[in-house]
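Each structure below is given as structure tokens.
Look for chain A in each of the two complexes below; its partner is chain B in the first and chain C in the second.
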Partner chain A sequence: MQLHTRHVLDRAFTGLGYVATGVMAAALLVLLLPIFIKGAGAFVFRGTVEFRRFQFEHNGRGTRAALQRELALVSTARAPVYAMLDAAEQEIAAAPPARQRELKSALADLRDDMRVLLGPDPGQPAPVLLRGQYGQTRWDRARVKLHEVLFTETWDYSGPSGIGRKVYVPRSEEFEGLSVTSLFPYLEAHVTEMLRPHVTLYWRFLVDDSRDAHFFGGIMPEMLGTFYLTLGAILIAVPLGVLTAVYLTEYAREGMVVRFLRSCMSTLAGVPSIVFGLFGLAFFINTLQVSRSKSVLAGSLTLALLILPTVIRAAEEAIRAVPQAYREAALALGAGTWRTVYSVVLPAALPGILTGIVISMGRAAGETAPIIFTAAVSVGVPLKLWEVFSHPTPALSWNIYNLCTEHEAVDEIRHVQYGMVFVLVGLVLLLNLTAIVLRARIAKKLKA
Partner chain B sequence: MNDVSHPPHTPHVRAHAFSVFYGAHEAVRKVTFDISRGNVTAIIGPSGCGKSTFLRAINRMNDLIPGCRAGGELVFDDCNIYDPQIDVVSLRQRIGMVFQKPNPFPKSIFDNVAYGPRLRGVSRRGELAEIVERSLIRAALWDEVKDRLHDNALRLSGGQQQRLCIARALAVDPEILLMDEPTSALDPRATTRIEDLIGELRGSYTIIIVTHNMQQAARVSDFTAFFYEGDLIEYGGTTDMFSRPQCKQTEDYITGRFG
Partner chain C sequence: MTPPQVKRSGLLLSAGAQRRQRVACMLGRGFLFAVASVSAVAVLFIFVYIVRDAVPFFSWERLREFFTSTRWYPSGSPPEFGALAIIYGSAMVTVGAVVVAVPLGIAAAVCLSDVLPFGARQIVKPVIEILAAIPSVAYGFFALVVFAPLLQEHGGRVLAVMVWLLGLPLTALAVLVLSDMLARLLGRHGQKGPQGVFAAMLGCLFIGVLIWLSRRAAAMHIDSGTNALNVALILGIMALPTVVSVSEDALQAAGRELREGSYALGATRAETLLNVIVPAASGGISAAVILGFMRAIGETMVVWMASGNAAQLPQPLYNFFMPVRTLTATIAGDMGEADHVTGSARYHVLFVMALVLLLISFACNSVSEWIIWRRRKRLGV
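On to the complex of A and B.
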């Protein structure tokens, strides 16, 4: 009976374990899959002729001849559109004055929307903003813009509840009786010829500068910023953290002071990251004035503080796990404490310390709050190495937040945002993978 | 306490009313005896009798234990080992130690043996290689490892590891070799090899070995000291002691009535 109960309990716990693992795996999949799929959209998508024109004019990619040929085809396809629009102007001028005003504004709206879809009208001066100089570069966005050309969005309040309902009215209704109504079916039928979407692999998304607030280009400044910030934080926190751990484990005698230090560290580990950010601003920038304003250095220092407790804790545990016999052997051979630590204890503790470092790297790369006030800006160019002491930088974590909250045209650049998330998550996964491999290799070397 | 016999040899380490305390507890109580140069001295006694504590006091490994202090005199080469002026690091280089459990570093065989010489500033590859070879030959391990000096030491068997630890200790040319139950973690074959090795090292080094194994003490040592509850009960030539113990307690212990 008792044996039976034990068996049942054992099975129940094993089952619970499997369920928990399954739920975790499913959650991970649900979280990561959309990120990877949507993120991949920043690299692989159907690029239009406008994309290729941009790449040629700004980055010199592709050949002039190929582009010319394509542009010729495109303008042939587009010519009837502009002809119809010009004809509409004439017809409106001849229309009864009562309707003229309404029609004129409708036509102006239509022309605006057409410019967004196809780029500036031929023969007109180029607008100042880069985004005005090109039509839609991505086919998925072009489809959305096409819909906006074909339909106008209005609100229908006729329902019994009096609550408005969004309805799409064909735009051709606004131009009843004019020849321009034939523009819409023509546009729908020939839009692929006007934009010529091709499947494009844009791996340079990783290394291109961003142009016009991420409307064009890639995420190099953000990646580089995250790299500098993380590397800086690690360079500051690791020596400090490992030395602290060595002091706590090898030199300090357990007592009031050490206990106090330890509880300070635990407290530090529990401080919200935004508080670190404010502290970094108040201390590193305003008090110590490590830089005149936000800089990578100030951000790295703040992030270093944030990850310090993790590094210390990991290093301490790794050092404690080194068998006492190694220390005795070294001391008996006449090594001093410091010599014992760096020639025997630290090499043996290396796998554990490394794991701590890489976990901290992932944390530092992903943290947003500490760099808001100390390092991050929303737009910038890739920094040179010596500029890290004085210049602020965009960074993946902060710009993901920035793009989805403060950007003037969030919907237009969703793909960039997903691309950044994809890269950041990929980066952290890559880091962890490196840690696992590195750790396994070192551990294998240590354990024969 | 019995009158302690003084063997007619040159003393290498002299204990005079030497005590070791852990806090208030006196683990070794005012022992007085001379350890003979170039011979093997075994220290035997039941668990907790202070024999290991005494052994570890000789190269001041007890310093690592908080609350541990020494009283009386322990003289090595005309100076007190517990003199505050003494340089513990150079003392430990002159008095090597082999531990109960083989404890090679997780490094290559070569690096294990070269650890001590490197500490003393030897850095030339050729010189190091020479020292490593000489030490491994002396520890009777050379033939087994000469082709894989750069393998990890932890890949060796337990007995080989212990001989490696002996080679590591010999590489700094110590005068004294302390052995704290060096075979208690080994199988009988490995034990025999270590005992043979101790026989070979006799004469070149002063060896002090703590052991639980009476037969081992009888086999390898020239002199034997019997400790009981922190006191030195009897000390003398091994053959004499095992054939004609002077004290009742010694006799009881070596005949296996307690311990």
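On to the complex of A and C.
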């Protein structure tokens, strides 16, 4: 082959490598951007007056005077709407009976949708469900609900393919000839005054209890559950892992036994996470009965097994990186093997071991499959410390799944789902960042 | 541990102290060994307990049904446990993921170990680490909430964009290489003019093909965004870090001497890598492929959330736009209902599935272990 061709081929090959790397980075960006942008929306958003009313009535945040001033403004803005609705009722009573029934049901629908947007009608008894007692707390949701008030959704099957197409019909068409049609332009023009959206920073999303199946409030139970599960897994896995690594590096002689142990560890690392979950159910709960049903303890034990190989591998690497001269010096001073290990080798290896621990913490916090059958429930209150031995808990990872597939109103609480994913991913990234920084410092120290 | 008593007469220990120390040493060693064997015991117990709960399902007819029938009606009366479609679903998304992850991963690994300058490497490595660290449920959330609606509503356009994204770089490379070869064939090599003409012609041809392809892709309609394609892509990205880091290790381990030898013989970097380094590291790279495969087949949350969970064979079999169901998702999804009737066939069949997964991952693991071990032995490390 000619030299020139070979050079071109070489360059092409290099280009291919760059493309692959670029695709990888792009994939990461595409994945993280929506999660970060929309996840931040759980913390910073335009909160309506309903949000502030909820915060005052349930958490005692804000001042009564300010809230009442605002509520007075809001109710004057809303008054014409309710007047128009009442007027419509009388007009319908006077309408020809053939149309009356149809109009009545249309008006009832309209009133329902208005209640979803603005909260219960003034003077009505408060509904039982919390979500009925308040209007839309977020402006972005309020815009969606406003659209639902203004338009009705129908499906148009007239196209040639026979596949339905969504069309929006203005709702005022239903009330043709009644004075209530003027409600819709009024509502559209004055909805800002009725809800008064302000940019709100809601950092308490992290520490508030969830209310009414995550329609209101924050993610405290999940945060706490994830914390307990992760902490438990680390407390179990780290002593086991570090001691195993000590045995493998300092005590054991390479041979059949050690080779067997090592291949067991890599097998354990390769077991699918869902199988860990089944094993936890069959062993820790059904056989050992560490708790009567799912519990944080059973979940932590299962997670500990899952992260054990990672901890062992990291600790082993860190211990092997300790220079042999350290050991020889300690032995020369008359220390036994064990004393050498705990007073010289382990302190020297500590940063490396910590790196491994931090990474496995991230892994334990993010795993879902092992805790489905052993620890996780969908709804729960924050646990007390002594309840971890007997009670199941909600956890970030499980509730992300739960809220975006099994929740009764998946679309209504997108911001909570995004917020949870944001918090979980942020947590794991933070842990990994810590590990990266730790590792960089070790590398620097080794170089020096 | 108390320091041993030193005899006044010399540095020798008393007989008692020596005995005590030996016993303590033995005990300590025994304790450490016991701790170290926890993972071995765990593996053993996992096998025992999965098998123990799978055994009640074992009978000749039931197993034959399990592996040959596609009728999965565990709550019907009589219940039917044909898992062929589910096994096929698992295989399908896993193969899809491998097809995505392996070429990308190996190319990226080669780039990372031999092409990128040191500074760029320091940026790319954390990218890989982060990709590996993101929890699977976050990938699943992305697949379900962001990617699936996108596929469903703008499926054709998404596919067209993918065609362009993949096609453009490949086209550029192919034009470069082919125009050069063409020029050589026609004896006009080294002349800028004719070669540029060839390149332009080829470029137009390839771009035309790309336009045609993307038009066809854009005309496609995807009925459901939660399908095998979605899951395969996401799983591929999840398996990518494994493939990259393991194969990069293998490429690094091939050693400096091989590279220098090859350069000394006048080979270009591409020739060195393709003809010398990659063959030398082929064992490690195949281990990387196997580990990526394992990561994809054992993944639960993404497939549970975004594969559509339809226990049916896709029509036709290679149709990636159909919803599928996998072993892991079936275990996760059905255990909630089966839990109340512990001991029923419905409960035990899930353990059979777990056993299948466990055996597959055990086999893959053993093979990759063996490959790595053989390489070590050959290199004499």
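FYI, the second predicted complex is superposed on the first by the 407 of 448 C-alpha atoms of A that agree within 3 Å, B and C clash if a C-alpha of one lies under 4 Å from a C-alpha of the other, contacts with A are read in each partner's own complex, and residues count from 1 in each chain.
Methods note: contacts are C-beta pairs under 8 Å (C-beta built on N, C-alpha and C of every residue); 3 or more make two chains touch, one makes a residue touch a chain.
Keep in mind the model is a prediction, meaning the values are calculated, not measured.
In the superposed model, A:L129 makes contact with neither chain B nor chain C. By the touch criterion stated above, A:V167 is placed in contact with neither chain B nor chain C. Once chain A of one complex is fitted onto chain A of the other, the partner contacts of A:G336 extend to both chain B and chain C. Annotation for chain A, partner touching more residues between chain B and chain C: C. In the superposed pair of complexes, A:V207 makes contact with neither chain B nor chain C. Residue contacts after overlaying the shared chain place A:V379 against neither chain B nor chain C. Within the superposed three-chain model, A:P323 lies in touch with chain B and out of touch with chain C [touch as defined at top]. Judged by the touch definition given at the top, the superposed model places A:A20 against chain C, while chain B stays out of reach. By the document's definition of touching, neither partner reaches A:A93: not chain B, not chain C.
In the superposition on chain A, A:T244 contacts chain C only, with no contact to chain B. Taken together, the two structures place residues 336, 339 of chain A in contact with chain B in one case and with chain C in the other. Those residues of chain A lying in contact with chain B across their complex are 253, 323, 325-336, 339, 343-344, 347-348, 445-448.
Taken together, the chain C residues at the contact with chain A in this complex read 1, 21, 25, 28-29, 32-33, 35-40, 42-43, 45-46, 49-50, 52-53, 103-105, 107-108, 110-112, 115-116, 124, 126-131, 133-142, 144-146, 165, 169, 172-173, 176-177, 180-181, 184, 189-190, 237, 240, 244, 268-271, 273-274, 291, 294, 297-301, 304-305, 328, 331-332, 335, 339, 342, 350-351, 354, 357-358, 361-362, 364-366, 369. Considering their complex, residues 59, 61, 64, 66, 89-93, 96-97, 99, 101, 103-107, 115-116, 119-120, 151-155, 165, 168-169, 172 of chain B touch chain A. In the complex of the two chains, the chain A residues touching chain C come out as 2, 4-21, 23-25, 27-28, 31-32, 34-35, 239-240, 243-244, 246-248, 251-252, 260-261, 263-268, 270-279, 281-283, 286-287, 305, 308-309, 312, 336-339, 359, 362-363, 365-369, 372-373, 397-398, 400-401, 404-405, 414, 417, 421, 424-425, 428-429, 431-432, 436.
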